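Structure first, then comments.
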Amino acid sequence: MLVIHMERGCKSLEVARVCGFLERKGCSLRVVGSFESPYIVSDGDEEVGNLILSLQGVKAVTPTKKPFPLASRETFPDDNVFNITEEIKIGGGDRLIMAGPCSVESRSQIIETAKGVKRSGANVLRGGAFKPRTNPYSFQGLGSEGIALMVEAKKETGLPIVTEIMSPEDLEWLEPHVDILQIGSRNMMNFSLLKAVGRTRKPVLLKRGMMATVDEWLQAAEYILAGGNHRVILCERGIRSFDKITRNTLDLSVVPLIKSLSHLPIIVDPSHGTGRKELIKPMSMAAIAAGADGLMIEVHPRPHEALSDGAQSLTLEEFQDLMGSVNKLCNALNEEVKTPCGLRIAM
Amino acid sequence: MLVIHMERGCKSLEVARVCGFLERKGCSLRVVGSFESPYIVSDGDEEVGNLILSLQGVKAVTPTKKPFPLASRETFPDDNVFNITEEIKIGGGDRLIMAGPCSVESRSQIIETAKGVKRSGANVLRGGAFKPRTNPYSFQGLGSEGIALMVEAKKETGLPIVTEIMSPEDLEWLEPHVDILQIGSRNMMNFSLLKAVGRTRKPVLLKRGMMATVDEWLQAAEYILAGGNHRVILCERGIRSFDKITRNTLDLSVVPLIKSLSHLPIIVDPSHGTGRKELIKPMSMAAIAAGADGLMIEVHPRPHEALSDGAQSLTLEEFQDLMGSVNKLCNALNEEVKTPCGLRIAM
Amino acid sequence: MLVIHMERGCKSLEVARVCGFLERKGCSLRVVGSFESPYIVSDGDEEVGNLILSLQGVKAVTPTKKPFPLASRETFPDDNVFNITEEIKIGGGDRLIMAGPCSVESRSQIIETAKGVKRSGANVLRGGAFKPRTNPYSFQGLGSEGIALMVEAKKETGLPIVTEIMSPEDLEWLEPHVDILQIGSRNMMNFSLLKAVGRTRKPVLLKRGMMATVDEWLQAAEYILAGGNHRVILCERGIRSFDKITRNTLDLSVVPLIKSLSHLPIIVDPSHGTGRKELIKPMSMAAIAAGADGLMIEVHPRPHEALSDGAQSLTLEEFQDLMGSVNKLCNALNEEVKTPCGLRIAM
Amino acid sequence: MLVIHMERGCKSLEVARVCGFLERKGCSLRVVGSFESPYIVSDGDEEVGNLILSLQGVKAVTPTKKPFPLASRETFPDDNVFNITEEIKIGGGDRLIMAGPCSVESRSQIIETAKGVKRSGANVLRGGAFKPRTNPYSFQGLGSEGIALMVEAKKETGLPIVTEIMSPEDLEWLEPHVDILQIGSRNMMNFSLLKAVGRTRKPVLLKRGMMATVDEWLQAAEYILAGGNHRVILCERGIRSFDKITRNTLDLSVVPLIKSLSHLPIIVDPSHGTGRKELIKPMSMAAIAAGADGLMIEVHPRPHEALSDGAQSLTLEEFQDLMGSVNKLCNALNEEVKTPCGLRIAM
């Protein structure tokens, strides 16, 4: 495949000429991104790529054999570092710590949690309002009321919020309220939803499907990138294996693997990844040591009262302890180990 | 949990009284189904169940520990035999043979296939218009144009049609045109979509997620049943395992297992289940011998020209040969082996 | 790789010349089989193969890219049909039904079982004397005493016996007593043991490892074939997957797959493959319909008293019922469906 | 189950009395360990345990529901810290770094590697002489000649050596030469071999089977402990999953999990665990951060010339770089993070 990088500020006529050229060559094409600096993805071969290089407005052409050309490091060699809010960045050494309850349950619960995790150093508040539950009779979340409570907690603490979106229909009203849209594990291959969030300009947290290969995961990210939304954060949350002693099998090797294959930032969710609160701290430490750009941690003021996922939630005190250790580890790594995963990997 | 079976033709006041009683006992409740014969699902215990039995309009109460009370054989001991069209039934010895191309590609392709598979004995035409593709740049199906061609093929042959729905937004316009709504493997846990098809009164073909347990699959079916739609057909299509020599690992043991746990009919898709056309016939035979209520087979007039899944598509001639063997096997089984899987299984 | 087929009755000097030629070409070589008709396996290329064809005593040379040259259908296109005893054959339409208890527990238990399964039509008696148990404190089998009881049951009924061997050290004394040596699932990659049974001239039943690919399984068979022992029977017994509702996931698609890739016979063990007695009959039917050359079924006169695997053992009456249905199915298949899996498959 | 701890220096008569008591109660029993301080494992219940406490020579009785009573932390709450040689310990903060080639290939190769890895800080030399190879025609190792070369490298460098044993027959001659006996992944359930190494007094490195649950792994360790050999080191080396982008899926969550369930030390092998040399350093860092007691790393002076596993071997320079980072991380962790996995976990 080819990724054709157009010049910043190129004219729409120049884009149209490239498209026309590709069409005459019988190649597929898709124009991606804003007017100032669009990309064109095509199935043309290297020969076509070389011819296109001479067209006006074309800055560069990257050929790639990867099925995720826009997500690939071959196309964009530098880390995709971007802002979540004006103050908060992910990538390039800045680690994003998302913490909060599995489900928003009440005003006091979410406000108490938000204040607590902020105090300990979290920089994003997580909380579920629409919950994808295996059983139709289980608590399905507070819905729009839950979102309102999240927004209130954001006002109180200043923490940006991340929450899961389960259906394209919810996007229009949900988008203005949240800072990061989360695609859950069970929806990683809900392509209608991927296309929908690709059309927004909000950062998207894309959890790995519990049965998804790395290759499929990056192609799911490609759906979003191909919609013109470049702010995608990957999140490893455990895969399904034959051993049921942990809820899922946290696959930390994807951290350096993704770093090699892609420019996208990747964080780790050891709460879902293990399902056992005793494992959350050591696996958080391991994730950071492996090079992760952040963590997503379930925290609840009183886990035994939680309506969902209590067994894998930390108390506020345990989260504070975790953050103490994580911060010391980050400092040690930043000083000593510059690029724990600087090598590139061929697929 | 409890399933409360109300009398056929019971009064809405009687339903309301049961609900009021459950609420006073602090139990959850959900009313399911049409006015003539509703069911109420509740988390009450057996003691509550016994008290409810004495209320007016209550016909029976079934306690169950299964997380899928409406899909469970404990609640409905008899096979759920139902009609697809006036002439075509599934269950109770009637086997449903769905055949057709992976994707609808052109008028001539779908008409030719429909006529061919009908001649060989298929009783439902399958065809994809909205295709869930791993890669955003792959052929995504003809969309609404594909549906129009399916409808045309239906008019030509009289075969009812089954096609995949990928988003709740498509339901309204799609529903009048198709006879069976298919939920694909990647969407088995798309709970928004499950709820949407649960509100329709069209039969639903629910494919097993490629990494879904039997328990999760039946709970996905429960989402549809709890919406009041009782016509759910399960479809085994292979799970993901460590061995990549076949596209998926076809898990035929679920056929007798589902028959024991549930009253729902189950069919088998050996095309996706193996991904190799050479294996389709023997695995079709095995599926029928294991007790399946039908098959779903990919057929294409010219598999090497197919835009998707050519490697696992039979030609019309191969399909005819398959049907010949399957019919002989069905006859032999109907005569000799009455209940290959008549035993019940405790989970 | 190359398989060089020497003429039946070729001279040892001719074999030596081929070996010398290969050595001079820098190729690996291994001489396999008896003096009358040896084979030589080498990593030479096709060019070397063509040169060798002109040497004296060479009957044919088969090049193959498969890592299991002697097990491959490319090398031996015809089914490997062989005798277990003078009367009993496997392959070519003759199905081998092995039945008996998981463990030999007492004289009366094994004799009663042997008589019962023979009456119902089994033609091999199975029984474990050395049991591979996950826990060191579990019943480990009666050992040599168990073998003595098996031999007694054989004398009483005339049924040949199959039992598991767990260590190369046991081979010398065990070999004269048993008719088929079983390699258990946990030992499929115990290469010392595979080499040991490759040196005997007893038929070997090679169970698939619970997490072995088809490719690895056929290479394990190749270890035995490369030792000069051609009588290898493969046995599918379920693989490990993420769903624990059955003990293992019975992978019946390997039946037609193995038939395509290899000339070796394959049987199916639905007892271990499902771990639930209610599933044994339907999965036995499915295995036969898929083309299996036989079955291995656990039978115990009183399953609830069994020291191991009671939950997956049939009573003698249930086994009789199973055999009735299986025989009718075999007859129907023999008449109607000549080659349910006659197609060849490329790996 | 019960573990009965006898007093150090108790009389054999006292042991005999406990055994007699258990027999009269109809309980199983197994005496484990040396005369000075034996243990008795029995299936007696807590009531029996209380009665035994009053018998002479009995120091303590630990009841447990775990199927691995001797490996359980319930029985021995303190870390099992032990010496490999007089100078080298594992556990209690001392980390064991085993490094060396997959296979011993030549005198110069093993000596050069031994000197190199020692210089960088490894404290054990690894090297395969008997190689378990999937294919019978692959290089199977130098055998006893390889052992001789390992012994020579040990003399040159002072590094203790670890090598794989594949058959009980090899134990007698192999034992005097090696410092740690390795049980490979494919033999984790070779119970004959586990029993054999349980009878020696050499430390055993027990690799996790690629398809083994944590529960099965600890029971395999129990086979060795029940033979009276307490020096067992567990080694995580990756499990088999559906994603083939890495050779295996390294399951680091077992590090804190094993620490909670058992007193045995655990190390990690990221070479086999990933199969990609680019991932070895980040996954080594992650393993240490998760609390591992050591690492096993494949190192080869010229990986591209290696007869096996070249793609996952580090050069001597890369190993030196790895050790630099690992040492800094160990220091940071030792200072700051006292017990990254100090919590206990219920199974």
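First chain written, first letter: the chains are A, B, C and D, and each begins at residue 1.
Just so it is clear, a residue touches a chain if its C-beta (ideal position, glycine included) is under 8 Å from a C-beta of that chain, and two chains touch if they have at least 3 such contacts.
Because the structure is predicted, anything quoted here is derived from the model rather than measured.
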Task: Co-neighbours of chain D and chain B - touch as defined - done: A, C
Open item on the list: If you average the CA coordinates per chain, which chain's centre is most distant from that of chain B?
Closed with: D
Task: Gap in Å, rounded to a whole number, between the CA centres of chain C and chain B - done: 38
TODO: Find the geometric centre of each of chain A and chain B from their Cα atoms only, then give the gap between the two centres in Å, rounded to an integer.
DONE: 34
Open item on the list: Between chain A and chain C, what distance separates the C-alpha centroids? Give it in angstrom.
Closed with: 49
Task: Interface hub residues of chain C, defined as touching at least two other chains - done: 211, 240-242, 244
Open item on the list: Quick check on the complex: what are the chain A residues that touch chain B?
Closed with: 1, 28, 30, 41, 43, 67, 132-137, 166-169, 186-187, 189-193, 210-211, 216, 219, 222-223, 226, 240
Task: For the chain C and chain B complex, residues of the former touching the latter - done: 211, 213-215, 239, 241-246, 249-253, 255-257, 260, 273-274, 276, 278-279, 281-283, 285-291, 325, 328-329, 332-333, 336-337, 340-341, 343-345, 347
Open item on the list: Per the contact definition, I'd like the list of chain B residues that touch chain D in the complex.
Closed with: 211, 240-242, 244
